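Look for chain A in each of the two complexes below; its partner is chain B in the first and chain C in the second.
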Partner chain A sequence: MNAPDLMDLKLVVPEMMLTGAALVLILLARRIRKANVVAAGTVVAAVAAALAAAPIGWVFSGVAATGFSDMIIVDGYSQFFKVLIAAALALTVLLSVKRAPGVVDRATDPDAPGPSADGETGVVNTGPGNDTEDVRPAEYHALLLLASTGMMFAVSALDLLTLYLGLELMTLCSYILVGITVNSSASNEAAIKYFLLGSFASALLLYGISLTYGVTGATGFEAIASAVSGDGAGTDRMIWVAMGLLGAGLAFKVAAFPFHAWAPDAYQGATAPVAAFLAAASKAAGLAALGRVCLVAFEGQSGVLSMGLAGLAGLSIVVGSIMAVSQSDMKRLLAYSSIAHAGYALLGLVSGTPAGATATMTYAFLYVFMTLGAFGVVIALGERGEKLDGYHGLAAQRPGTAALMLLFLLSLTGIPPTAGFAAKFIVILSAVRSGHFALAVLAVLCSVVTAFVYLRVVVLMYMKEPREAAPSRFPVAVGTALALSALVTIIAGIFPDLLAPWAVAPGK
Partner chain B sequence: MIAEVEYTGIVVAFVLAGIIAGGMIVLASTLGRKRPSTVKSEPFECGQVPLSLPGGKLAIKFYLTAILFILFDVELVFLYPWAVIYRELGMVGLVEMGVFLGILMVGYVYAWDNGALKWQ
Partner chain C sequence: MTEIPVLTAMTFLPLVGAVAILLFRSERTARWIALGMSLATLAVSLPLYRYFDKGSSDLQFVEHAVWLKDWNIAYQMGVDGISLPFIFLAAVLTVLCVSVSWTAVRTRVPEFYAALLLAETAMIGLFAAANLFLFFIFWELMVVPLFLLIGVWGGPARVHAAVKFLLFTLAGSVLMLVAMITLYSEFGTLDFKELVGQKMGIELQGWLFVAFLAAFAVKVPMFPVHTWLPDAHTEAPTAGSVILAGVLLKMGAYGFLRVSLPILPDAVQMFVTPMLVLSVVAIVYGAYVTLMQTDVKRLIAYSSVSHMGFVTLGIFTLNSRGVEGAILQMINHGIISAALFLCVGMIYERTHTREIKDYGGLAKVAPVYSTFLALFCLAAAGFPGLNSFVGEFLIIGGAFETNTWLGGMAVWGVALGTTYLVWLFYRMVMGDVNPGLEGLKLELGVREIATLAPLAFVAVYLGVYPDCVLSYLHETVDALLVAGGTAS
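Showing the complex of A and B:
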């Protein structure tokens, strides 16, 4: 334990940048009305945080450093995920430009009035059944910023309490983000469901933390590691219950079966950018937290952990893939696909080795960009993109958008030369190397099932006649986000080794 | 062994409490005179009407006020222990509490600015 030192603040510079931006937005919530200004500011904050967190930046010199009485660690692992979270935040903000704040579709209607002139509440209620998503831009973006801050704390936590704090900040903001369109009853319902299940999962996580403390007398990862490393003698069986509860709480955050039930409802009810943010960033943060807990705190119990994670991974892959087949709502389909992808990402952690953790990191990184891309196309198509039927004949009407969707869907399926192939290859290889052959075979078989899911959309786009009028043009910001996601998906697919130097597994 | 001796008193207290409370109920129900009436037979709920339909709406202002109260009440929970070890923490403690209070104040300004304190 070190004495508190103000120099420790240097370790959390990226978090401070995001928090600072969020506080400014909260202070000015009533006064900033221009959604584009807020979005631009948020993107700048996210980029600044990414630069500050970058493995080559000035905050992190390449040597792991701890601070705040060993509660926060800054190492290659945390910085990798912080950059990823900041990137996901920036892309989500770009994708939100049309739908979230002030929701005036400038692309289709240049003469549409600006956001509400109602000085008191800022919410325009134009009548019953009105489904406008008029959300004040400052609040929406402040919540996104604070959720990202929580994720960043969670990935650099070296103590179960910091981990809990970070994950709770993330989920609390997520509950509000899911229900932020107060006029939409689907959104309200989704938020309530998510909140109830989420609080329950948080309780499980806390119970696991308290049992861990009861058994080991510590909440710090390193102290827990030295307490549970003894095999047999001196190790209380209760630690398995604690690990199970911790695992359940964290599996909820990554939406792995059987803790996935919230995801389809929450994604469907939330606006598409929020769903994209949940599917991409919060899943990556959950995986990162789970990875450090498994590899640092409970490394001494890797045998038991491996069994538990193998179960989670296998079931998530099977259930996610099969349930995705029967979906007709695009956001629900992507939700089940994200459950299957959580399973694939967990394959790396099953091995319990640094190489396996590297595989999971790579998977999480690439998955974030392809899933943001897929959600991005849904967003770009507006109302039409939300239903599977909306994709009929898209290629004839909007060849560029259809081609982008094709790219992201191929990547999600795992077809070379897209990033998805590289990602799936590396996690399945990791499972094979650690001797989990059955799991690897299962993963490959389920890839075939998901291929049916994704290629069905491709068939609709390319081989059917259009049923609806061509979708309106989408804003430049959405296009930029799509282009960036596509770029990462293609480059990482062609040069899969580019990420390898940065994907550093957490060390002890 | 010491722990067991220490807790014996609590066990005795529990047993005594059980005997006294149980004894009163048993004595009252066996020896007492029973003259039931409609009102007496109703479930006892501290003077409240035991059965009623959910009555009307409660203004959201009450919840808002309660939330604001809790927010600044919890702040005090941190201030007391901080004040006790203020000298040991030195400058770091002062800055950290300043940051903490500053962030809370942002929330307060937000609530104020958006009319949460207006009782209309």
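Showing the complex of A and C:
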């Protein structure tokens, strides 16, 4: 191993930006009291990171640069996802403004104490009418920044160890984010469940890594690839076990069946912005990691991989769609729908070809914006948005918000001309091209089931009478995030090939 | 040919109107914008009929713009003899829908007109699309406004009807999506013209035919998958029923003509017998079920099942007489069923009942209304001199050419159709005035007469001079049947 070259640091500029911002926030946590300042700073850091990642992605779209003794790779694939992660981070921060962390849901926590006495800790002030505030804005945003840093490392990883470190950084921050409203028992419960299952999955992932090392003698993707593609007949079975364990660990991050059980609980217990962040960014990062592992490290085993992924994808779609039907909690409903969408996104990887990987990339990209949009409406409606019943008669009270929700739900259903249709078209095309007709038909038939799920919300919004008073106005930042998501959803729906030049599959 | 992109203008003018309506959010302006935009759309379409070259089977008024370059999918619009009459139908019916809803719709008026105009965009775009990708986009787009029209402004059971409608159509169209993607991955293009004559194995063709059939059969609707129709048509507001019966049902049959027949000729030959049998079942079964209805709107809705059976029967006779008759009959049915729904909607606005037994003796209190109803009932029954007669005559002629039994069953269907229509008319219009109707002002107003008069005129005009539609069809239908014949 060579000594690390300082010039390699230029490969991780976006990550350094986010880490730096997080450190600044943590150091100044006691001094900053205004949540808006923190939020603005975080958005600036995210945008800067995106800008830093984007041109490199452009330049490197053909050639890749590796560094840190081949632990990190910067190529079109990694930069595509880095920009996406930074965008998801920025949108999440916008969605977190004011309402976000810390509004204790009185319905789920009747014992919440009255207005907190600790005024000196720089709590978020959500204006009159809100009770306990227990989230320090600096810490909340620092955790978001660090989680994003972890995701960026994971998508850049060219070694199972870097991959593991990146994903663990992401998950550890996520555990805390889910439980960040310390006074809410629902949130604590969700965090514990998430933590227990998550540790289990991390253990599987680590076990898979060590088995892979045992069989191939390497943890670097390229070394694994050359070892796996050889004719080591005796080791084949063991490498399948290793792949299975790795796949299980990664499927957990993506929330694909049967490693999905944490998602509904975690999303429901977490605040809506955190749930949005998990559903969008961490799923994208998981897909990216899975994509590179499948396409680069284990390309030699693509037959087995394809079967396994087809199973994961098909089951996720079926289970996610069907389980979503009976949900009455909006975040839980979106959690199951995100499980189904994980399955759709995996359809691209099933083919095991670069074209399939680009399909998954495109799906992940578009999915992030539509799901953030849907969560955004949930956030914009405050407490009312969390229950399905809260949507009664929304169109009569807030026609604009209802129309946005309609747009995002149509997009999630896959109705043209929205981004969701483009995304679905691309992944099903990929499945059909690789000959998985049955899987494609299963996927589209399940999209009718998911259509029914989203339709219930539309029916409530448009075809029922209001039951509650109109929700209060949401902050401008939330509106901005909604508008941006809507814009991407519409533009990508009308020009679905806009992403094509940037969606570059990982190569060797 | 004109320089103006007529088809694009027609397709997106209503969309502009819809956006404007949503921006203004005022009831009064919404109505006027909707009327203005739908009339403008109709006006823009006039050059189409004037400059259309009837001697050519090619797409005309073709527009081509680079769209999805990497995917080899372009923005292509164009009309031929088959699609042109439907564009006219969609444009006319939208104007009438705006008019009939003027006082009938009182809640959320801006949204209603925006949805109606969005539906017009989808309808015209569908018939003007020159590639399967655009066709599919408009096909799916059509579902959304209609779902809202039924579910928000419909009758008591509207939510159930709307959800049923959407799930049925979506279940069909997702299979079409897979079929479309399969075609695309096989041939790398979705241009209708380039897809015609591609070499395809019979097995692949068969599967594709079935997948497309799922989408088209639901829309038509053909016999076993027709159950969404009575609910949707009955619960929809009048404008929604008119759009559903007048145009949406034609989309499925149009799909057969645009996709199945030319692109999958071998599969069509393979499936022709079951398709003919299903059509005849729809005609006869639909007619018997119609006879039993006690709800006026439901009765007309069920009659559509029977009448659309004639259309699919005509299409799958695969001879020029049958196919031309089918297309003519689609236009006829679009006009007549729309007119009947308008009639029912107008009387319902006054009486708030759809039960036939609550009516009676309308002739005495509403003579003008009764005259219109009589005309449209006769037209629907296929009375000579009115428009349906020619269409049914051609279809039955084509059916006899294919198989005597088919022709016989079709004639039986016509007889049943006359029965239920005459009986409906008898129960509603003849006899003594129903005491429940005393004191209601049932006669039509000027706006309503102006809404029905154009349809009455077209019904008579097409009955006397069917060639004004048929002349557009000859070349295109011949080319269609040749394309289907040579490739097989």
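FYI, the second predicted complex is superposed on the first by the 458 of 508 C-alpha atoms of A that agree within 3 Å, B and C clash if a C-alpha of one lies under 4 Å from a C-alpha of the other, contacts with A are read in each partner's own complex, and residues count from 1 in each chain.
Keep this in mind: a contact is a pair of C-beta atoms (placed from the backbone, for glycine too) under 8 Å apart; a residue touches a chain by one contact, two chains touch by 3 or more.
Model, not experiment: these values are computed from the prediction.
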Notebook entry, point to check: Taking chain A as the common reference for superposition, should the pair chain B and chain C be classed as clashing or as fitting?
Noted result: fit
Margin query: Quick check for you: in the superposed arrangement, does A:D5 touch first (chain B), second (chain C), both or neither?
Written below: first
Checklist line | Partner chain in contact with A:M463 - chain B first, chain C second, else both or neither | finding: second
Check: Where does A:I26 make contact in the superposed view: on chain B (first), on chain C (second), on both, or on neither?
Finding: first
Checklist line | chain C versus chain B, contacts on chain A by residue | finding: C
Item checked: Closest approach of chain C to chain B (Cα atoms, Å) -> 45
Item checked: chain B/chain C common contact set on chain A -> none
Checklist line | Touching residues on chain B, where the partner in the complex is chain A | finding: 89, 91-93, 95-96, 103, 106-107, 109-110, 113-115
Note to self: Can you tell me which positions in chain A touch chain B when the two form their complex?
What the structure shows: 4-6, 19, 23, 26-27, 29-30, 120-121
Next item on the list: Name, in rising order, each residue of chain C that touches chain A in their complex.
Entry: 22, 25, 67-71, 108, 111, 136-137, 140-141, 143-144, 147-148, 151-152, 158-159, 162-163, 166-167, 170-171, 174-175, 177-178, 181-182, 184-185
Next item on the list: Could you please specify the touching residues of chain A with respect to chain C in the complex?
Entry: 395-396, 399, 403, 410, 415-417, 421, 424-425, 428-429, 432-433, 437, 440-441, 444-445, 447-448, 451-452, 455, 458-459, 462-463, 495-497, 500
